[in-house]
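Chains: A, B, C, D, E and F, in written order; residue numbering restarts at 1 for each.
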């Protein structure tokens, strides 16, 4: 950039309004280059999958699975299949493109371009195959929610309003994508739900049928968690990682993505609000975990875990609290 | 669909790019039909109220109540009433339509179409009547928030920034709609706020004036909760349902929507972060509930409830944590 | 408004569809005027900064700092600087305008218009200067997150998906704006992140490098909090205000904005999910605070604080829970 | 509106910025009422069909007829029919609603509401039936354009770029709607094309196959025009009404909508730019009408009509022109 | 820009994909600077009024004048005035801002900023005052169109569909703005209509009541044109400037903006399609100008001007045309 | 599609609301297949360039050439180059993609994918190189318009308002693209301008500097037209093709794209409104062509061509017109 000409274009009297952006641009470039160097990424960074496109894909898959409730449009009854097919086509075309982006980004980027396209299409079709099963699982989640929440008035209300169901729609699709070995897209999907609902389910978790999340805000379910049938959890429940070796392994810079480190929750367990369960512990069948407790050891079947007794003092009226 | 013609349109060499959507469309239809059958809903499902329209209605009501702060536009002082009137007209027209949709959906759908329109208009007007009262209640909430939060610099900042106020605007409108016997629209409104703020207030709850929600994420207030004046709660506070009979009654498939099952919080109570209060218990006037405690019994007036003492160990540096 | 003419325009037979908005407009005006009077604000209320514009500013600053990852577009390598410079120009122009709005709103509104513009530009430039430093801090946060989270597969994934990083981008920019004495815009920025992530960091807090927020929903970090290097906190962690004198001072109507009332967390501390730390207490270097505990006293360096033991009862199968 | 309260809200010192809108609102109401009265329309005016919705309907029908070229999306070959069906469903639902609006508006508004819905659906289906025929006619228009325009490189270019084809797509759909006795929607459709292309074809005109409009700007084709096969017209060509009796009948206030008053153009006629043909005259088969002529009498088959010879003067250089 | 660092960021092997934008940016800057210099505009060019904002202003004024037909929404009858007032307020606020921009741009830019604001508000109010009169004139235009066009079915259809009316709405507002000495905004308004309708009316023209433009494409009405009552013109009609002295005066670089140089058309004149009338000639009362003629001399009252007779030859079938 | 299941989903009593879309989908598929067969295009049709993307490219190039006037934003003076560079980068990336689409579509589609990308980039760069020259030509057009139009008040007004300039911006960019052998994108660009301005300039035409189009609606300039310097044309002017051999050649199905068949207009010619010049005729230097004439023979330099004298009759008042 030739500063002489730029100077010429500036008039003298309002220098004060210039932002002096040039040095900031240079400083930002310098930090950026350092950061790329420190990660051995000198070359042109590859593009990441697009969150916006992924949102559109999830909307299409949702509408295809629940055309009457999640399509936000009035469909003639003899036209539902047209709508479903069109949504699937659109979602698959977009998904295949995003998959290609993730494959290019990941270590498989050494594939040549034709191979990439073929691989993207294959994985897209594999994911598409899962949709009917996902719909059935979601039906069981909706029914469980409806049966267990005394405030629920209909299954339609549950599907239309409950953040737990929104989170499970995202998770169950993301899980299929995670199993197709596309962890980045899968994670982006569950983070979309996390932002909308406050429910953070890692796409790697295994969750069986008839899962009910009440209220949901603050729920965390880690990558290697396993959850059985008919489990019910309230808001603020954490099924988190064991914390010790995490720090240790991090010291050695080793990643342990799929090492089992989150709880196993057996069938028919209920976990109340803000309970925290950490590490690869087992919560036995039919147990109840009370609110606000922190569990770090196995709990036998048909147990009840409650917080230690609080202290209650009456205090003299008027005293500073 | 005649497969011959479709075949003809396909060329031979890129069969691999076809998604094979037909069988998925068929499988999804099959699951869908099963699901409808299992709920005795063979006929064309009715449309639900539209979340997008409801969001617009709330925006209009908010702008009509706080034209200077929530209209996002500069209004001439002699034109404020034009703006307010226009927002109300627009909101009422849209609300009446959404009410008609809920009435059609609910058991009252047997009404004939003229009757439906009349009933929708009547309820719309009844809700409209509440707006000045709602504005006054919100003024008291804003003032309480401003007085109690040492970080608040002005009432305008409170109105513009605080998620607690955003949640209360939604709740107080939704509560009026709930009282007009429109539980689905009411719930959709509070879930909109839930998604934006992490604060989940059921529209059925009764909340008196000067309510202050600090930070708010993770707050849950159940359907039959009753909250007095000048109550203050922090983020993560749960005023939840009694859990035992819920499961029991669910076993019998009976819904107990309005059965009292959530706490009664008397005037001047303060509840700190992440405290959980469950069941129809009474928190007596002026009491303080400390952080992270779980309360399942009545608390007398002017009490303080605190968590059991934590354990504190120093540990040898360098040992695994 | 001349009711005669209006009457004329109405036909007789559908009076029922009229909303009768006039009295509501009047009632709302009456409440509005009362509210303004009670705050001694008879005159035309000033406009507040626009949340929508502020969102755009943050997006531009983010894209300028991370052009490859947060610009959502494919940039030619020899054109990155053009993009960065253009984003900075656009962000600065918008920021200067919003700053002028805040200055007009605050007590400094007595400035004449030319002075206001000059002051706005000066503060804009001061904030702009901080961007390279902010980028470096964010790089340290991303790296810390990547190293400590066993589920993280790459720093790019961390930047693109993790709500903790999104919250820190907002906080670190907002903090620079807070230090430029623009608390309202600063707060609006952190509330934008709060809504998206459930993480509520007050722009006044001081947070050193390499900060890792895991999951994040429900995190609250108060205005006068001080956090050292390499600190890690999980979702639901509260670094909150001391509650006693808050109420007291509020009774006297005195605001104590910057009075130190939140914790000091030293280097290398780890705080697990849902722990609550209240008041100006010190958490000594290298300590660990367990899940769900509530801390209101100083914790020495290299300590571990854990919740009191829960009670565990097996219960007889089949009994009502 | 109570001026006292409004006055109170106004501060004294900036009266000058008030627009004084009240009297203008009153004056506009007065004119409006007068206008309604003069047309005997005292009652609440009915809504008109929505231009925006109608545009969406045309887009859907266009995309259904030309899914590869006008859908603006990449369709999997085995999914084209899903797309087509979905577009038709969506278009029909919207069209039925707009038809109901026109029926309510027109004299048929005395129908009761159920009858209106039934009638709207019937006409929608009748129009839908015409689509395959319309597609065939448009194919003939595209082919004629491609063959006759030496600049056209492919039929796809013709479909994608040529304003004449855009106008004919709108006209041919509008004509079917006109024949279903819905003149208002039909006219709105052709005016949408008129605005985009400068080609004004009345939906009542009859135009046979293989019609080629070159360039098109300024073309006018009146309501009772009849055009044979393989006709070609250039931009600026007018096939207009006979002007005499129009004025006369207007004097008597009688409308003569469908009285034949525009030209009949036989097969294989070519009309060059800016020619004007007025009244119910016949242009015989195979004739050529030259540029800029005005024809008001019948032209026998196989004739050529040319403008009278222009005058050409050389003039002395430098003289005023 | 430091090329070394940029070079570093580039990898070696895909130089070919770089656009080499730097030299183009430099060349464009050079041309830009030359152009500014040649017009003695070294300093920062002022901003022009925004076309997008002006479109919004016209939409608001249109909706305020015709709330039932051009508001595109369903208004409760007792709420029409709220809507009208709100539209006027919004339009005036935006218009005052655009006027300030034009005043700054024009020679009056030497005004100080407070004076500019005051002047903008004054002119805005002056324009606002004209709206009821403009509505009345438009009513007369609509009625004339309805009476004279045998194809028109109702005045509502005329208002909703006819490009002539759309052009007159724009022109009549623009003319008021032109008379307030704001020629740039005025011109931008008529060019918006020109783009949508093909009708180009200069905002300086004087057009009396009951003006009917049929079809409209290609109509041109110059700056100093004067048109009486009940005039009717068809598409392609030009009321253009005298061409001789234009060229001459241009040679001397003198502008003659308001020098009378366009036709005067008396009451009750009809001008048919594509007729061209050039220079300050008078078309006497009640005259008729036929299609495609070019008039450059005065025409007495009650005359009829027709094109010279065309030549008509039959030609031998099959011969080259 | 299995009709049995569909039947099941339908209830009996409202068969009348079904659109019966299946047979229409089938009929449309049949017509579509026939059409594809008739053009030997059995295989999957390739995608065409996207009009929407092309519009964005033209907007970016326009803003890069005229950053102060056509960027619609306020640019800091030391940031103009950032803006220009960023627009060029964005436009080039998009243009290269559209070029690849056209290359795939055209006969060059046999290129392998890497070659296609390389070729697209090369042509993009070649077009980019032309921008400074195009800016200079447009400067000359703006200046000519300003000098010759007595109504023009400034060059900025000309650039911001005049449809002739808008058409020339599109044409001059399109011409560079046409010369890069990309006729489809080039044509799409000029048709975008055609729709907005009514000015139809084929991208193949050659137009020298200082070209002034007044008003413009209805102007047509054919593919092989050659226009010298300082030429001025009014609205409705046609520089069209010779019509005879067109038809003849079409009969043989031979395309003659670049065969010279449009006029050559020498320097300093003026052509008035609605004149039509057809065939490869020469209009000699400095000549004037009057309104509404049709020229099909060469015109010597410094000539004036005027329409044959019209007939003027006074007529007896009251007689039918």
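Here, a contact is a pair of C-beta atoms (placed from the backbone, for glycine too) under 8 Å apart; a residue touches a chain by one contact, two chains touch by 3 or more.
Note that the structure is a prediction, hence the values are computed from the model and not measured.
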| item | value |
| --- | --- |
| Neighbouring chains common to chain A and chain E, by label | B, C, D, F |
| Same or different residue numbers at the chain D/chain E copy interface, by half rule | different |
| Mean-CA-position distance for chain E and chain C (Å) | 48 |
| Centre-to-centre distance between chain F and chain D (centres being mean Cα positions), rounded to whole Å | 22 |
| Distance from chain F to chain B - Cα centre to Cα centre, in angstrom | 54 |
| Shared-contact residues (touching 2 or more other chains) in chain F | 1, 6, 9-10, 17, 19-22, 25, 29-30, 44, 74, 76-77, 79-82, 84-85, 88-89, 92, 198, 217-218, 236, 243, 247, 270, 274, 290, 292-293, 306-308, 321 |
| Parts of chain F lying in touch with chain A, wherever the complex brings them together | 1, 6, 9-10, 17-22, 25, 76-82, 113-114 |
| Touching residues on chain C, where the partner in the complex is chain B | 16-17, 19-22, 24-25, 27-32, 35, 39, 44-45, 47-48, 50-52, 105, 183-184, 187-188, 191, 194-195, 198, 200, 202, 204, 217-218, 220, 222-223, 236, 238, 240-241, 243, 246-247, 249-250, 253, 255-257, 259, 261, 270, 274-276, 278, 286, 288, 290, 292-295, 299-300, 302-308, 320-321 |
| Residues of chain B that touch chain C when the two form their complex | 64-65, 67-69, 72, 74, 77, 80-81, 84-85, 88-89, 92, 118, 121, 124-125, 128-129, 131-132, 135-136, 139, 147-148, 150-153, 155-157, 160-163, 196-198, 215, 217-218, 234-236, 243-245, 247-248, 270, 272-274, 290-293, 306-315, 317, 321 |
| Chain D - residues contacting chain A, complex | 73-76, 79, 81-86, 88-90, 92-93 |
